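A, B, C, D and E label the chains in the order they appear, each numbered from 1.
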Amino acid sequence: MLPLQIPHTSDLVRVLPEIIWCSFGVFLMLLQPFLKNHRQILTLFGMIGAALGTLGTFFGQMGAGFSGLIQFDMLSLFFHWLLGLVTFLVILASDSYLERENLDASEFYALILFATAGMGVLASAQELLTAFIGLEMSSISSYILAGYRRDAVKSSESAVKYFLLGSFATAFFLYGIALVYGVTGSTNLAKITSADPSSNLLRMGLGMILVGLGFKVALAPFQIWTPDVYEGAPTPVTALFAAGPKAATFALLLRIFTTIHAATGFWFWAFWILAVATMFVGNLGAVVQTNVKRMLAYSSIAHAGYTLVAFAAVTFLKTDPEIGPWPAYAAVLFYLLGYALVNVGAFTIVSEIGGKGESRLTLDDFAGLGTRQPFAAAAMSLLLLSLLGMPITAGFFGKFYVFKAAINSKLIWLAVLMAVNTIIGAYYYLRVLVVMYMRDHEGEVPADAARSLSPTAAMVVMVACLATLYLGLFPNHILGLVLSQDLILSAR
Amino acid sequence: MPRPILENLWIIPLLPLLGSAINGLLGSKWSKTLVNTVALGSTGLSFACALEAVREFLAGGSQVFRKEFFDWLVAGNFRAGFDLQLDELTVVMLLVVTGVGFLIHIYSTGYMAHEEGYYRFFSYLNLFMFFMLILVLAANYALLFVGWEGVGLCSYLLIGFYFLRKSATNAGNKAFIVNRIGDFGFMLGMFLLFRTFHSLDFSTVFAAASKPDVAIEPLGSFGTITIACLLLFVGAAGKSAQLPLYVWLPDAMEGPTPVSALIHAATMVTAGVYMVARSHVLFTHAPTAMYVVAIVGCATAFFAATIGLVQSDIKKVLAYSTVSQLGYMFLACGVGAFGAGIFHLMTHAFFKALLFLSAGSVIHAVGGNQDMWEMGGLSKKIKITYRCMLCGTIAIAGFPPFAAFFSKDSILFAAYKYETNGKALYAVGLLAAILTSFYMFRLIWLTFRGEPRYDEHKVHVHESPFNMTVPLMILAVLSLVGGWVAAPALWGGKDYFAEFLSPVFGTGEAAGGAEAAASLEHILSGVAVVAAALGLAVAMWMYNKKVSRGTSEGLHKLLYNKYYVDELYFGAVVNPLIWLSTNLLWKVIDAGTIDGAVNGVAKGAAVIGDGLRHTQSGNTRSYAVWVIVGAIVVFAIIFWPIIHPAFSGGLR
Amino acid sequence: MELSAHLLSVLIFFPAFGALALLFLRSDDEYWIRRLAFVVSTVEFLFSLLLLRIVTIGAQGYSMTEYKAWISAPPINYHLGVDGISMFLVILTTFLTPIGVLASWKGVHHRIKEFHVMLLLLEVGVIGVFLALDLFLFFLFWEIMLIPMAFLIGIWGHGRRIYAAVKFFIYTTAGSAFMIVGILWLYNLTGSFDLPVIQAILQTPQYHPSPATEMLLFLSFFVAFAIKVPMFPFHTWLPDAHTEAPTAGSVLLAGVLLKMGTYGMMRFCLPLFPEASRRAAPVVAVLAIIGIIYGALVSLVQPNLKRIIAYSSVSHLGFVVLGIFTFHTISMQGAVYQMLAHGISTGALFFLVGMLFDRRHTYELSEFGGLCAPMPKYAAFFLYIALSSMGLPMLNGFVGEFLILLGTYQVHWGWASWAATGVILSACYLLWAYQRVFYGDNTNPENKEIKDIDAREFWGLTAFAVVVLWMGIGSSYITRRVAAPVDTVIQQTQSHYAVEASRPAAASPVLLDQVRNRLATREGTVEPPHKGSARNWALAPEVRRVESIAGGKEFDGRVVSQ
Amino acid sequence: MVPTNYYLILSAILFGLGVLAFVFKRNIITIFMAIELMLNAVNLAFVAFSQALGKTDGEVFVLFVIVVAAAEAAVGLGIIILTARNRRSLNVERVDLLKL
Amino acid sequence: MSAALLIFFVLAGLAVLGAVALILQSHPIHSALSLILVMLSLAGLYLLMGAEFVAAVQIIVYGGAVMVLFVFVIMLLNAGEEERTNFSKLATFAGVPLALALGGVIAAAIARSSGHLPAPAANGALTPTRELSKLLFSEFVYPFELTSFLILVAIIGAIVLAQREN
């Protein structure tokens, strides 16, 4: 007989969110035959699943679970909340979209929940194998979701590009793991920590891991897939892409690159250069876009760049015993939270404005929105200003903390380049505002374009706006949570 | 002894201000009588108050009266208050301003009777009185500057009174801007004074300057006080139309004639002389500045007189004459005869106001035409005006016993006695006197004598009304007797005027005094009379018969066109400046360079963005290559320390 | 809760509540929207007048402050304070806002509600900027103010409004993006965002930044302010913004927004970076002088009334900057005065020009001429304001220019002499423009029937006229009240490091006590940091530095509770 | 005995060839095969390391990779079928509607 | 040269040959067959190293199931000869050199630094499958269970994507 070990209950509780998300995914699939035409109920179940999963985090005990495969610490807690919230909002926002596009709801929500579970795994993974499985869970779900509008050419193209390039990057990621494993004899981050930093193979392995994960978070030049995939995917899914996997992958990046001593010191140059490239590529690319959805895709690249600035600070600050890397961690986390919420809100508006078949996505379609749909326009303005980093919005403090982390680590020039990028960003975000408020719609406004946001979407937008303001006015509440040395347990 | 007015000296300027405000705000709907009442009432009351103040002043033993009413500018150790003072110099100015001003107000009620904007005119005129009184009563440079700028403003408003005429508004602008150039110097002068003496109060500055340890800066040196004086003189030159800033005054004749009389002859333009005289303590410490003042004054006297020789516009002649006479006053100040300068200022106020008002009467009579070539033979038709004007002409020409004989005489005498090139100054001054006599009698001949050259069917020449002629007559009397206070000096007696001012300027500088000087003065005054007669004779000879304008050639053309100075200024300063501003500063630097750079950056970003977006070809194979490129870059970075072990940092 | 104790907060947020109240009105309820906005802004003005009782002559430091802990990590606090300088700028703002409402009575016809909401929000931002004592709070208001202004230009502006709005926004954002880097760098050096605390810390020898660092910090602030002022060569946004902005926008833009730049220089650049300010002063002064002359010359040849006034602002604000960077009490008081005077005069000019635009829908000079005849009252007011703008004594414009030049001359006669040419040129461009608009024959048939001012405009202009005159005569009322804060600024710029280093305890003990108490009170409001936990990351540097200033005690990770 | 290096270098070569195939091939299915080739290279490296280190977890990893690859194949081929249906072409270069 | 080395080189040669053939073959079905060749060779190498279970799985799952699926899809879609377009300039000119460079870099890094590793199967023992399963069901039970959901996702995906429009 094999001495089969039944996992300890506490281990199961630590992965309660994933269990709940997966169960609800299965549950929704089971409901499908019965509730095929009751989309709202499915939406409700999806939301309940997302919310319950998030609540599931409250029962777990801090610490490693499953013999160190996962780590349930503040970092994973934070990202589980973030992911739960994002999923909740995305499901809510999808309701009207699915109706409009006449798509099946149960599979859609199930896939979203599976994807979320995968991201959750990614966020708490302490072992590269777990991370790999989590990554694949979220990625494979994402490939399907990207192509969910089966009859739309753009959607399937988005799926095929995402799939091919995503798998390509995964191969790099895996090869990196293999090399790390070869050098250290383990894939557990806790055991890799003390690996000999001078090993070239380890360096190469970590580099390939960075390539693989950098692809997922869209760092230049691995950002190349992002605009196409984001544009082609159904808009609520784009919202999820921009918020969820990106955040979860950043969590993993944090865990890896703060845990492994070999990845400090000179490594900040890698982040430095990638950050600068990413910011410029994202912002300059966005400047010339006329399709709002695509512009937001470029902007999400830029924001990955900003986050990476804090990353550079992390890797640098780790060597500073006086300050420690915590401010930079906090900056990353805060930034991602604010960014995720804002993006979900913004893409929801874009999805609603886009109308059936996502046919109205250009700037011209946004012209005169200020008079046509005052609420949507006002909300969009607020969210865009948050992305731009105006005060009393989440984006402001996000940028602020990133700037601060950068300056703390004496990365003055990086901060200056980020400032330059903020200015470029101001240009294209402002353009949307300008179009919405200062220009009139040319020609006749189509009948359905004048329709205001659907109630569900309005709720999502409302939540996003309020969250933006809340984070912009009282950043401390969140920051206090993440400013802890227990943030990443293995990195103490 | 109660001194109700002296203690409340502010009443004197305030009355015209009130008149101005009332007329300006309410007068538009009032009848002319009411407007007259307010305007004349306020000015008359002011004149009365001035008389009373002077009486109180003299009764109080001529103590310099000075009182601080409220703080106007306070900053750090700088304080400039609304401080008024009254001394002998002020008394002279005060009486001239209020007296002559009042007369001109009366005159204006007749002259302006048929004009649009009657209330506006009197409002401006009263406002002018206010500022002029502030100017003469001020106890510090800053407050003086208030009046200084204020009269400039009123001058601008009144020159441009006929605002439908472009030439009038141009002239107004020119006056204000040229004055501003002078003010530029004046302000710098004030700043330098403050830097040196830490105050702008007359009493403090002069007390500090007259301390024995403040050395007199010798001729040829440019010490602090010299520079300050020169800067102040720039201001004076602007206000009093001296070379090279005189250009605005002839143009200023675009204004109504009473304005020319009051502002551009009697009072405002003499402010510069007043200011120099007021600062005599400083100037006497700066012989270099004095010398410059004398030369500029002398040159202006001659230069303006030459232009006056050939002008055909009756008011232009008088304007150049004013410039010329102001030159005399500066000559006096420059040679140290401040008292003589002020004396000439006073007599000039009388006779030049008289001349202008008479000219106004003439213009009134011929229906608005100012060209002397279209007049002639008016002496029989407007006798009062003719006699008054003749009176003024004799006075300005310097025939005894008229006022200017005494004042001009004392100036030339002082110039003659001046150590540095005094004789040359005297000679030029004398030459200018001949020219003065000539152009004034030319004016009389062309206007009043000979045959009428106007269309007698169209123009109905008529004598001016009572309210215009009475002021003329009063002024004519003053032009005659105004100089007599100094007359006894000629007989070895006292120069009462100089003596009156001696508490201000000190004794021993003006005429009078030594016996030896008296005989020299007799000779010089004889020469002056001869010079005046010469001018008269030539004028008679030339214009008794000549009746046509004639062609303008050679020197005549040069003079007629005022040496082309205006054209020179426009060509050398104004137009290049405008060209520069438009084409270089605005078009090239602003729109081209700076905005071009800004927009260029924006465009550049768009171009780069466009370039970047072409990497986004939509082709998955290219994308894969980019991933490979990225991987290689990442490897390159993380292996860099191995590739280049020496690399340690750089700009982060 | 006493109202007077929170007057500063009331001043900042009252317009915001007004804006909120406006939102509840129907958007087509034009009658009440305008009246409510006017009432709110007028009440706000009356509130601000209460400040006159609080800030007394010679009052040292801030006469009234408000302090409330806001964000603990990093330590960002709601710290407001008012002294003579900020008081008058606040009053200027509150004065101009109701005028702005009046000015748009006829000019703004669409989206009236949003317009007034934006106007009031703008007021919030501007007053916040003037009252904030926390660098972060300052920056926050600084940025907030941008959006309403950009909207005012972009939605209610004319012709190329969008270009102008975007240009304005990007220009300013460009400046502020560097300022935030500077603020954070400063935080990194001192561990605080609190202006007095930072000042105290920077003035202690062991925390002097190196000259190069100080200069970079100075520049990061200065460029943002210089763009706002705007100084040559950062000025090109101004003519566009002004030309395209609606009247109220121009009034507030010229009236108060530009002053934020010069205020920032006085409040932040000089006291925080004294050495760098002094080193930069010659360059700044030369730029200011170039601005004075350049602005005036370009103004001279503009074909458009608003552009003339816009460039004249460049010129006038050049005086202000010059006055500040001569570090002389007279000129600096003059600079403060000039800010106010320019706000009034230029605000009034834009108000006037706006009236013309309401009637004729153009600003082009060539469209006008001879307006004196059909609209004499208007012409009279225009002349009066133009005269005040060109600095006629006894009106407001003169005092500032005179004091600035006088003070500058005491320091550097060459600068003053060059700058004084601006006095000549200002007369040139204003009189020339006046002539072209008002004098001559009224030839354009469209101007024949043009109406003179109505009662609303008359009273608005009268308010300006009275203030202009009062400021011209009673200038000492203002200068006496700004004297003490100005002297403080100058004193701070004079604290040479060399002198500092020779003194053992540089920062005053009183201030140190304040700093320490402040920390202690803040500790009471948030949970105390766990020893060794990361929470004290935010507090650590500040406390550590304060402690070391206080007596070189070793920092033990906890705040010393007094 | 075969040195581990040999296996690893073979793995690197195969990985490189996989990358090459990815950028060289145009047919989507073949490109997908290239990915499989890369995954195989990874597996080889894992097994080699696992054997060299004398540990088993590397081989466990390989099992997971194979499972994931299978799942990916199912989904991937589904996507390919979808694309082929929408596009009527399997040439990856013709799938370029989304660009710029 | 020992027998093991000889076998290694033969199998390695076949694997590389298969990989190159994959690239050079223009018909997808030929490429698929080439890939199967690579997989089989690798299975041989796994055996050579003593990883018998992995070798079995490689043949059964990879070579069997996955590749059959590939072939099936190729047949289903009736994919013909590859269309050798060159729309991507980047891939045309830089693709091959860069890909080779990348492979070279990795190979070089490995060659230079993994010399210290002991040779596989130095102990001569096969990896016991029991050991493997023990790990799989105890230490790695969490990912193992997750994998089930992964497969569920794949099933859903296949259904969703391949479903005909109704």
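We take it that contacts are C-beta pairs under 8 Å (C-beta built on N, C-alpha and C of every residue); 3 or more make two chains touch, one makes a residue touch a chain.
All figures in this text were calculated on a predicted structure; none of them were measured in a lab.
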So which chains are sitting against subunit A and subunit B at once? C, D, E
Per-chain Cα mean versus the mean over all protein Cα atoms: which chain has them closest together? C
Farthest from subunit A by Cα centre, which chain is it? Let me know. B
Can you name the chain that lies farthest from subunit E, using the mean of each chain's Cα atoms as its centre? B
What's the distance between the Cα centroids of subunit C and subunit E, rounded to whole Å? 68
Can you give the whole-Å distance between the Cα centres of subunit B and subunit D? 96
Between subunit B and subunit C, what is the gap in Å from one C-alpha centre to the other? 39
Would you kindly tell me how far, in whole Å, the mean C-alpha position of subunit D lies from that of subunit C? 63
Residues in subunit E with touches to at least two other chains are numbered 87-88, 91, 95, 98-99, 102, 106, 110, 114, 117, 139-140, 143, 147, 150, 153-154, 157, 160-161
By the touch rule stated above, which residues of subunit C touch at least two different other chains? 170
If you look at subunit B, which of its residues touch at least two other chains? 602, 613, 616-622, 624-626, 628-629, 631, 635
So, with touch as defined above, which chain pairs make the list? A-B, A-C, A-D, A-E, B-C, B-D, B-E, D-E
Which positions of subunit A touch subunit C when the two form their complex? 323-324, 326-327, 330, 370-371, 385, 390-392, 396, 400, 403-404, 407-408, 412, 415-416, 419-420, 422-423, 426-427, 430-431, 434, 437-439, 474-476, 479-480, 483-485, 487
Would you pull the subunit E residues touching subunit B in the complex into a rising list? 87-91, 94-95, 98-99, 101-102, 105
In the complex, subunit B touches subunit E at residues 617, 619, 621-622, 624-626, 628-629, 631-632, 635
Could you list, by residue number, the parts of subunit D that touch subunit E in their complex? 1-27, 29-30, 32-34, 36-37, 40, 43-44, 47-54, 56-57, 59-60, 62-64, 66-75, 77-82, 84, 89-91, 93-94, 96
Parts of subunit C lying in touch with subunit A, wherever the complex brings them together: 70-74, 111, 139-141, 143-144, 146-147, 150-151, 154-155, 161-162, 165-166, 169-170, 173-174, 177-178, 180-181, 184-185, 187-188, 526, 532-535, 537-538
